[in-house]
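Each of the next two complexes has chain A plus one other chain: chain B in the first, chain C in the second.
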Partner chain A sequence: MKAAMTAFASARYVLRLYVTGLSPRSMRAISNTRWICDTYLSGRYDLEVVDIAQHPAEAKDKQIVAAPTLIKTLPQPLRRFIGDMSQTERILLGLGLDVQLP
Partner chain B sequence: MSKRTAASLPTLRKARTGIEGLDEITGGGLPAGRPTLVCGSAGCGKTMLAMEVLVRGATQFDEPGVFVMFEENAAEITANVRSLGFDLDALVAEKKIALDYVHIERSEIEETGDYDLEGLFIRLGYAIDSIGAKRVVLDTVEALFAGLPNHGVLRAELRRLFRWLKDRGMTAIITGEKGEGSAITRYGLEEYVADCVIVLDQRMHAQISTRRLRILKYRGTAHGMNEYPFLIGTHGFSVLPITSLQLDHKVTTQRVSTGIARLDEMLGGQGVFRGSSVLVSGAPGTGKSSIAAKLVETACRRGERALFFAYEESNAQIIRNMRSIGIDLETWVEKGLLTIHSSRPTLRGLEQHLVMMHDLVRTFDPAVVAVDPISNLTMANEDAEVKPTLMRLFDFLKKDQITAVFTSLTGGGDDEGSQLGVSSLMDTWLLLRNVEFTGEHNRTIFVRKSRGMAHSNQVREFVLSDSGIELVDVYLGDSQVLTGSARIAREAQENAAAILDGQDHQRRLRQLACRRKAIKAQIAALQAEADAEAEEVKFAITQDSLRKRNTHQSTDAMAQQRGGTKRKKQ
Partner chain C sequence: MEETLHAIRSGQVDALVVEGNDGPQIYTLQGLDAETNRFRGAILDQVNDAVIAVNHENCIIYLNSAAERLYGVTISKALGQTLPQIYNCRWGHEDDEAAAMTALLERGEWRGENVHIRRDGIEINAESSITVLRDVSGQSTGILSVIRDVTERKCSENKVLVSEIRYRRLFETAHDGVLLLNPATREIIDANPFMTEMLGYSHRQLVGKELFEIGLLKDEAASQEMVRKLSRTNQVRYDDLPLKGTGGQLHEVEVVANLYDEGGLPVIQCNVRDITARKRSEEQVRLLMAEVNHRAKNLLAVVLAVAQQTAKYGDLPSYVKRLSDRIDGLAAGQDLLVRNLWQGVEVSDLVKAQLAHFEDLIGTRILMHGPCVQLTAAAAQGVGMALHELATNASKYGALSNFEGQVHISWRVTAAAKPGFSMSWTESGGPRVVEPVRKGFGQVIIGRMAEASVLGTAEIRFHEEGLSWTLNAAAENVLTGRNQNESAQGDA
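The block that comes next holds the complex of A and B.
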């Protein structure tokens, strides 16, 4: 368990955030996600923000229903977060990051 | 109250479904540019209906469609509808249909704040734009309730979705699972989709399932209110729409032969009217099927198409059995003029059988239809249901000027009953009966009724032989009706009597000749006797004279000896 945690603690994160246009909710989601990544995954994450309004085929391919949706492809397993990413604790848990919130 | 009549107002625009029967009961199709809710329990055909509306829209009415599925993926649905003859792959390639599989894996999802379903909207919009869709199916959108935890958001978004579809002018079909109790759908979708609600239902009766369709509501238009049986057949969905019996079908004076010369003779000399219905009823083994088969074969001989529905025997069995009485059905099957459709009556409910018959008749377009026997179809049904349902069939056949022959099994004996109450709907009723007499069963036939023609009131004997069906006059005499071997025996008896009469005269003449000969012989014998007597007499006389001479001589001799030479000297 400990080893697994350490693995997560050092793994590289591949994240993709799907938003719809420049709506306030989208903007909130982008800034919240950026903040979490910078704070907890500093230097070991790839974050791509995709506007599905502009790339609707992506939405179909990646099974996006709700927006915004953040998908963690790596490390396994795949997780989806839907919402404006304001519930930091849930995201951290979902990302497998065992950190004490300030 | 407005004084304007409904007709003067622009009527609701409708999108034709192309489904047999559904367009009729909806008065032209689903509400165009509005959502329609199709609900029903699992396995009652919601997806099939939705898909068919979409495919027919795309192929027949030039209205491309988007199918958004929430439960099955594209490969699964493509395989499923292939059985209905829809090639989704081709339609997708032609950009007539777009498929999108929307899937939410509940276990992967984490809610992290405020969200909406814009992703779904974008995908739908993208699919619609990619093919210029006019129709949309959401099957089954309720699956989202299982995938998304926040039902409040979901409901609000669904409401927005249906509104959005309406605004975009999409003719949409939303399917929904039937709810418990009186609820129309499990998640109350009817709250958002209120323009048209179609309820599909599958129910079991006497272990036979029947599917029915009902239009629960159709805002702004008149529609059929009843439950209509439907079937998902090889050509897709079909609803049996005929509800009102409009007795306005065309009639013809053209007659068609039954193929049995003497039966035609009994029916005014020319057979039955084209487009009329013939009921052949009788106890088991009276030859009902044979008459039906003969009629069908005769139609084929005329070059007409015929359809034979068999509910008792398999195709091969019918062909074999009919061949034994000289009716060759196989040739016509091979030539494509005859289709024998055999199935178990218990396979479906009565209504579904009728829908299937309806379908087959529509596709095969026959001039003659035989149903053998119609009584089997009704085995599992309550009588009250049977008559109106059969009426639909008769009416449909009549409307298309199809000559129909139905056989009906009766219990035997004199109980002819009213034949499921359908005999009154029949134009011609042939009654077959078994007559048991002197240890054998024989078949008789008579025309119980035949509308619009002078028909015979005579009972004929009905004989099945290698050479076919024959009607023979029964023996009438000594105030009784004889059939079969009794008739034959009677006829033989009469023949024999006639022969005997002839022989008697001969015998008498011969007797006379004999007597004559005998008398002659007698005369000859008497003559011979007389001759014999005459001889006797002659002989006696000769003897006598001889004796007399001898006596003289001996007297002379004695006299000489005594000295009387005198006499010698004399």
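The block that comes next holds the complex of A and C.
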């Protein structure tokens, strides 16, 4: 487990956030995700935001059932997070980042 | 799945995706607000201006398609990023940014211009309208910027500005007067500095006046006639008009008036060229040409007389030789006069020119002595011919025909109430002189012609030891004004 955590500490993250238009929750999800990435994955992440209202086909392809949804494609395994991404500790754990929050 | 249900139950989800017959359907869970937001988003996507909304953390929460194009970014990459990650601002003045912030804080909005520098370095002249976003309780939640790309307009404005500066400079520094007139009132609406300097009027004094009021046209009727002509032909030209300045100075001017269209309004532009100096120069050339013509005729008359008189004596071969020598002598004197712009000839220069063939003897066998004085053109011509004749005679029969003879040439100005000019040619040491039996044309030249040229008297003596020639005249008939009153002390 510790070895896996070490590997995650240097891996490049590919993330995709699925939102719906300009809703406040979507905006919060975008803002929170960016903050997490900039703070804990600075310089080694690639985040793409997709509005499923405009691209519903993408939702189907990626089996999105609710929005906002954040998908971690890389490093494997694939992980999904649903909500406004305000639960930072849960997200970090899901991303495999062993970080001690204040 | 359990996690999804938990999220839906706890209100963390905006929308659900359900697979239908026509593909995936999006069901929003927030009712009217979400639909309204979607509708607004769709509208904002259609506008040409870039629209960007940021939250309190300065993170982008919305940008439309126009903003994507303007800043070269995609929505998926830009959302959640801060504005400086998309572009930086450059302000026209260092205080502008602070003033914009103050306006946002105090009034909740700011409109103005600055430069946005994209991440790829491209600069955009932006005209922005920024408004503070507020929620239903009035609390600030971020700011909304509507940005119009005015780069092209700015570029055009700059070109217009450069053009304005360039042509304004031409107008201000032109060495022609320029007047702009309103054709409807015929009044001056602008004048360049050269015009005000030429006339002595201030700009304010000129503006509002008609051309006849500044003396450019003789009366109001002439002013009206000019405008009538302009309306028919678009251009009127006056080649020679008198124009008096406020100080009384008279200018001769050339005026070219044109009727132009300036943004739909007609305007008359009068270019006023001061041709006073050119006219004066033309008059001088005309006088000079008349003088040249007069002198040429005089010279031809002298040549004709010399030719006729020379023909009276001797055979044809000697005639050709003598005539040629005499014309050479005339030409030498002519050269001196031209070199001195017909203003007179120094006596010593005249002597040297006429005795050019004996240049080696000057200072040894030909001795010159006299003050530095200048003969008039007429006197130089007569005295020059006489000197040439005397030298020719001396080389044939007199002091310069052997190896010992000498010639003393002297001239002086007598200091008296009415100064006189005296010049002498004295030969010695040559063969014994016998007075000729008959008088040839040579004697006419050194006698009557020389006398006529100085309005004086010439005396020729044939002494056994050598010929002597003396010419006396009033100095005022012989010398130029430059040295009539000068002392007669200096020697050549």
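Operating definition for what follows: the second predicted complex is superposed on the first by the 101 of 102 C-alpha atoms of A that agree within 3 Å, B and C clash if a C-alpha of one lies under 4 Å from a C-alpha of the other, contacts with A are read in each partner's own complex, and residues count from 1 in each chain.
Going forward, a contact is a pair of C-beta atoms (placed from the backbone, for glycine too) under 8 Å apart; a residue touches a chain by one contact, two chains touch by 3 or more.
A quick note: this is a predicted structure, and the numbers were derived from the prediction, not measured.
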Partner chain in contact with A:59 - chain B first, chain C second, else both or neither: both
Touched partner set for A:90, first chain B, second chain C, both or neither: first
Which superposed partner A:78 touches (first chain B, second chain C, both, neither): first
Touched partner set for A:50, first chain B, second chain C, both or neither: second
Partner chain in contact with A:31 - chain B first, chain C second, else both or neither: second
Set intersection of chain A contacts, chain C complex versus chain B complex: 20, 25, 52-53, 56-57, 59-60, 64-68, 80, 82-84
For the chain A and chain B complex, residues of the former touching the latter: 18, 20, 25, 28-29, 32, 52-53, 56-57, 59-60, 63-70, 77-87, 90-91, 93-94
Chain C residues within the chain A interface of the complex: 3-4, 7-8, 10, 12-17, 19, 23-26, 28, 30, 33-34, 37-38, 40-41, 55, 57, 59, 61-62, 75-77, 79-81
Complex contacts: residues of chain B adjacent to chain A: 100, 102-105, 108-120, 122-123, 125-127, 144, 147-148
In the complex, chain A residues that touch chain C: 19-23, 25-27, 30-31, 33-35, 47-53, 56-57, 59-60, 64-68, 80, 82-84
